[in-house]
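These are the structures, in structure tokens.
Paired with chain B in one complex and with chain C in the other, chain A is shared by the two complexes that follow.
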Partner chain A sequence: MKPFYACNSPEHLLSRRRFLAGTAAGGLGLLGFAGMVHPAAADQLRRTQKRVLVVWLAGGVSQLETWDPKPGTNTGGPFQSIPTSVPGVQICELLPHTARHMHRLALVRGVNTAEDEHSRGAYIMHTGRRQTPGEQFPHLGSVAARLLAPEDSPLPGYLHVTPRGEGVNRQDAAFLGPRFGSVALPDGNMPANMLRAATLTEAADRQRDGLRERLNRRFNQGRRTAETEAYTYSYDQAAQMMSRRGIFDLGRENPRDRDRYGSHDFGRHMLLGRRLLENGATFVKVTHSNYDTHHENFDFHIEQLGEFDRPFACLIEDLVQRGLWESTLVVVMSEFGRTPTINRNMGRDHWSRAWSVALGGCGVRGGAVVGATNANGTAVTERQVNGGHLFHTYFRALGLDSRRNHYHSGRPIPMADPQAAPIQEILA
Partner chain B sequence: MSFFSRAARRAAGAANPTRTRLARELRHNSPLFSCRIDPTGRFVFAGAQDSLIHRWDLTTGQRVALTGHRSWTRALAFLAGPRQLVSGGYDGKVIWWQADAAAPAPLRTVAAHRGWVRAVAVSPDGRLLATCGNDNLVKLWSAADGASVRELAGHTSHVYNVAFHPDGRHLVSGDLHGRVKQWDIASGTEVRALDATVLHRYDPTFRADIGGVRSMAFSCDGSLLACAGITDVSNAFAGIGRPVIVLFDWATGARRHLLRPQANFQGTAWGVSFHPAGYIVGVGGGSGGALWFWRPTAAQSFHTLALPNNARDLDLHPDGRRLAIAFFDGAVRVYDMAPA
Partner chain C sequence: MMRRRPSLADRPRWLKPAAALLLLALSAGAATAQAPLHQRIDAAIAAGTPNYEKQAAPLASDAEFLRRIYLDLTGTIPSADEARAFLKDGTPDRRAKLIDRLLASPAFARHMATVFDVLLMDRRPAKFVPAPQWHEFLRASFAAGKPLDQLVQEILAADGADPKTRPAARFYLDRNGEPHQLTRDVSRLFLGMNLQCAQCHDHPLVAGYLQAHYYGLYAFLSRSFVFNDKATKLSVFAEKAEGEVTYQSVFDPTKLTKTTGPRLPSGPGLKEPALEKGKEYVVAPVKGQRPVPRFSRRALLPGLIAGADNMQFRRTVANRLWAMMLGRGLVDPVDFDHPANPASHPELLKTLTDEVAALKFDVKAFLREAALSKTYQRSSELPKGVEEASPRTFAVAAVRPLSPEQFAWAAMQATGLVDADRKALGTRATEAALYARLSGNVIPFVQVFGGPAGQPDDGFQATLDQTLFLKNGTLLRSWLAPRPGNLTERLGRLMDAGAVAEELYLSALTRPPSDEEKREVADYLAGRASDRAAALQELAWALITSAEFRFNY
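And then the complex of A and B:
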């Protein structure tokens, strides 16, 4: 297989070069923002680089216990809705901290992805497409890594902070090539085997790496593939990451911030997410597990959203305070929502016909609410959208033309489903 | 707490669990998940998912809805003297009602807990009310006027249940983690802890806690304490586990038995009560519904009655013969343990 680098369009490459040249800091990308010599240039780069944070609520969070509560109905459950910082917009009482930032977030309440199976639902939400045999589309994180990450970023373009390394998909870059695939940070730790083994001296390590590079160059002269490119790239990037491994060390964070985010896993992972974003990461996905509450939905949502709410609100606050909010797209999503009907075990099952996604930051109109469901939340009644609409919206929010194509072996592949369009009502 | 007169206890001798039969079905259109029979034996009250409490007259079958809570009600208890019902809701409120009024309206509403009120209990002398909830607190109130008496702090997870010991001097509370605390009522101090942690599991796959003391009862003589819930959980989010009742010897605090159903059953024991004749009655829901009877001397149930739907709570009638069960399908079913 010949190496393929999607979207090798001259204008794309040019714009990236221009971008780096414009900051007079092309080489500084190697150091990341925190290592830059000129704070003003670092600040400019940091503010202008677009980045994405996806908070993945694995298992399918209930829209009724979050963004589209229906108190007082036969499906509403025991929770009340509470006012938010946007007059007239109410969300579930389980999100009091998030409610104070509603003017920064937009709600899409008319999502119908028509897919109630976990992996297929996740595929739609990660790629904006329905899964079809023989076709693989790249995940949003891989697209962001390909189109938004600076050439010489010291961090992989797509980082995934996930409990125990769960939910890792080695095919998520699809035809973009493995270089743009996700790199998992299991439990918020650095990728495995990053550090030089204690038994290996630095000199021996350099010698070994030199040999590897020589062999690699010879191999590449005749048999260069996307996989070998990714292999070479991963070594280079690993070396950069090793030199900057302090990024992953939450011990360097202010104890007050560690308290604010909470000592539980999700709190630590969100704080790491902030740390990665402010150190130049392009796409960070933080997974919070788990919301697949077929049994005791309400007790479990108290527990899980009790973990989610405060760190999520803290992260919004901090991105705003650091001047990163306007350049960071933040999306809270799941593979689907949960059934309005409460089952006999006080659970809610899978439900993709009428659910919600929250987003904010880069290019998003804070406080906007688009779409609506009926009185008890069983159907979309207004402005129905699917994964394709969401993908167009993400790209537009990031300043990308969602009607453009990727190119795979010369074949154009639309970046987002041509049957769908951006949700203009929530774009700034 | 159930109220049994001496005469009722004698009459209860006629009850034979193995002859238990459905006697009456009282229906509503919203799932029910709590029930209590008032001390006179005339009414059964049930909390429903429509956020109302429903009262059925067991003589006429007439139903009256009590409007006051803004959420579901799991906690129901009675003040025998003034014939009042006290309810605790997931809206954090505790409400007093005239139980036998034609159309009961709230007599008094107290904002009792931050988050859900999980349980309410009345002291044996009727003077104190104990509540517990999702703020990890147990609170004591004057039953007569709703004034706050004392706050008992120490639990580190949601407090699911509370019960007064028949001696009137002690109170027990049990939480999500299965930690049971005995409190001295006069001083508000923790006397000792009992271990019911078998009722809890942190599921590492779903990263969530499951379990808790879902029901709690003392034997009539106060020598035994029963705590009901779920154990052996293999999948928290599918509710795959086994119902169990932890039976404690009150004098020593030691666990006497883990009471388990004889038949295979997946789910939670949602309700437990002591019959005046000494045996233990439990109900559960999960893979259907079931009613179980145990003797305090054996871990295995001696009788099981399959129920038509998931059961969420039970209460014994003061006559010692009947019992009421609240069901997910919206029915309160009354069972007779001494059918003609």
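And then the complex of A and C:
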């Protein structure tokens, strides 16, 4: 639906800019966003802006080798469980660094999403709904981009650090619109078309922009709408983004941090995640691939979790140390878990009936464990939840009323499945 | 400085006695019915708003009209030469002549095919029917002047088994024949009712959208499925003879199960033939064979949806064609027609609904009348003293973003890529040949500017990747590099800055430059004698990335 000229008014944008610019009102030029932020305003922004980090363990991580180990049972596999920083809570020995931060994380051990197919499972975990024909729900990242991102942030609201992929995935945003789709940062690289053509000098670029702006001013005198305004403003945003492309550059990170996170892909990608969150990103998804361990489940989990554990723990430490932990919701999820039964290839297959999700940070009660599975992990015995419950919980943790509606062409669409509710036990 | 306001001299002379016609239309009662449709449109629009004359924008200048009518009827902008010729044409009926010329051009059928493809398929990737075959089916239909009711009937009747009509089956097949998806889209597209919300319960906000409506429509389609014929290696739409539709409301605590046969929202229940047991099929369902039921529910759909008795279809066609030209439906959104969301001009919608039938669903004839109306031909610039124009009044023309396809073709025309290719093709430069050569360039624009597949393209958002694509991308940059016959090559041959400005503005913005703009161009070039070629490309870039270019105004 065409927006009526009100909610996106230039006055609104202007007041936000003033807020960001502190007392230096009017300095709207093409300076970097960070350069414009007044220290006091930056502090306020840091306290009020909420962020989300989703670590997506693609393919389906095993709950038994992570958050809900069953050592010594017929399904438990070879690994032991280890104590954590929360007395009485044990996780798999493959996560020793994460275990030290357990008091900051909450575990949901009774997840039953009842969907064992990759794309449909991923859909549930990204949207909080089962796939239904004729209706497309937006990703958590798109909703966060829509509701949490500052209107004038030069950064796209939903960033996806991914081993592969490119461009903007518009599908993710569904009816919220392409502006809220995920922007891929393939192997941590910046988005496409961020560099000025080599043949165009900076002076020439400024000159042609100046002419474009004069044309726009004349056109907008009698024909300004929210849409023309959004279009002309997008060039300012693009210029800001280009001037800030250094935030994608890990070369500017402290070498010590690069060592801490590790030189492997996932380590670099998590460090980039931290860098983005520190620099005003609203929603960052970091994908770690691949956990689809139909063969040699245990060897693969040693390798994969060996990559996952340390950078994940580093990121928690760093967010805490930078004062961002309380305002950043962190979720570790997959499309599903893995079968308790070990198949004849020493693998575990797709399994959505009884698995776990870990979360922490903004609005989450650290150290809480909710839900339980039976002795060998084949069924949920306590506090069973599905994707709908998780979505209510994420929204509530971020301070959003999860019973609110999105509106699409005047149709109300509940933000989270109305038949589910938040998991209060893990909310702070 | 504002662009020159349209003076009286800009207006076609046949519109001068407009006030007299308006009076006639308002007062003549029965005689009004005899007035041409475009005059009745203007009378109804004027009657719909108090003080309309004070709020209404004057008629658009010839240049503004020229750009708009090209974009709406051919999906692109005119060349500089075409613009020059029209702006020089002093004949009183030049606008009407142009409308007729564009409607008769091959570009019109091409543009309609694009518009209806996006409308009907929501940019879904092709699955069972190749997209070019579907596009050609639509293009040929519009080129032949096929009535719209017939086109819709063909689409809803095609099952893909007959090679002659297979392209039309893309509507069903490339939605995987999914009956819920089809129910939503048939109701939205052809009945103007988005019944999506009524799938699980009666619509919570719209009294007129019932769950029974949804499932009545669903029942036409629920027995159908995509059948993969191993022998022919073709997927076709097949149907079973059995399967009743039941549903419950998620709001109903008693979980009462209801049932329905096929039925349109406004229609009566249908009597289905009682078939003897064992005789339900012409071709019985056995493995590997496509079943054919003796009685097909789906076969009733084309006639019921797009048949003469369905007023709701006619009304939806009228509203959607109106929205195509005016940028907004009389009922808005176009798929949200219900009593609590009345038309902005109910009498006009009734008139247009009747006219759709009177014109025998002739799209050209309908669009022609819309284009001839003063309502369509008004300026999009707010008149002096008017602070804000409500889009519901149609008193000021809408400012609409170009579709991704319009944007791509307009940019190809502005940069002279089309001219250069036409020159290269020489006598073989037919519309079809140019389309074949250039349409690949539309794909990146659709990827960057189009909505997600399977979702209606509605709303406008400026995204960062779009702007970076225009600012730093290689595609537009490559079009700006000089090449025989293209814009920057033509500009490079002009020594006089005034001539450069004129060629540049006519090519990109379909209007002559103002004096201020001529000065700007001269100033821009003055300091750039050493790299004039680069400066010309920058000038062209600035015009093409301006809001004036991005919007149909």
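Please note the rule applied: the second predicted complex is superposed on the first by the 349 of 428 C-alpha atoms of A that agree within 3 Å, B and C clash if a C-alpha of one lies under 4 Å from a C-alpha of the other, contacts with A are read in each partner's own complex, and residues count from 1 in each chain.
Keep this in mind: a contact is a pair of C-beta atoms (placed from the backbone, for glycine too) under 8 Å apart; a residue touches a chain by one contact, two chains touch by 3 or more.
Not measured: the values here are computed from a predicted model.
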| item | value |
| --- | --- |
| First (chain B), second (chain C), both or neither touched by A:214 | second |
| Chain B versus chain C as contact partner of A:344, first or second or both or neither | first |
| First (chain B), second (chain C), both or neither touched by A:379 | neither |
| Contacts of A:82 with chain B and chain C, given as first, second, both or neither | neither |
| Chain B versus chain C as contact partner of A:421, first or second or both or neither | neither |
| First (chain B), second (chain C), both or neither touched by A:250 | neither |
| Chain B versus chain C as contact partner of A:228, first or second or both or neither | second |
| Which superposed partner A:320 touches (first chain B, second chain C, both, neither) | neither |
| Chain touching more of chain A, residue-wise (chain B, chain C) | C |
| Chain C contact footprint on chain A (complex, rising order) | 1-3, 5, 132-136, 154, 156, 167-168, 170-171, 173-175, 177-179, 181, 183, 191-197, 199-200, 204, 207-209, 211-212, 214-216, 218-223, 225, 227-228, 230-235, 237-238, 241-242, 409-412, 419 |
| Residue numbers on chain A that touch chain B, as the complex places them | 59, 71-72, 74, 78-80, 163, 265, 289-290, 292-296, 299-300, 302-304, 342, 344-347 |
| In the complex with chain A, residue positions of chain B that touch it | 30-31, 33, 49-51, 70-72, 90-91, 115-116, 134, 158, 205-210, 212, 236-239, 267, 285-286, 309-310, 328 |
| Residues of chain C defined as touching chain A within the complex | 1-3, 178, 180-181, 183-185, 194, 196-197, 199, 204-205, 250, 328, 333, 335-336, 341, 380-382, 388, 391, 399, 401, 447-448, 450-455, 458-469, 471-474, 477, 520, 524, 534-535, 538-539, 541-543, 545-548, 550-551, 553 |
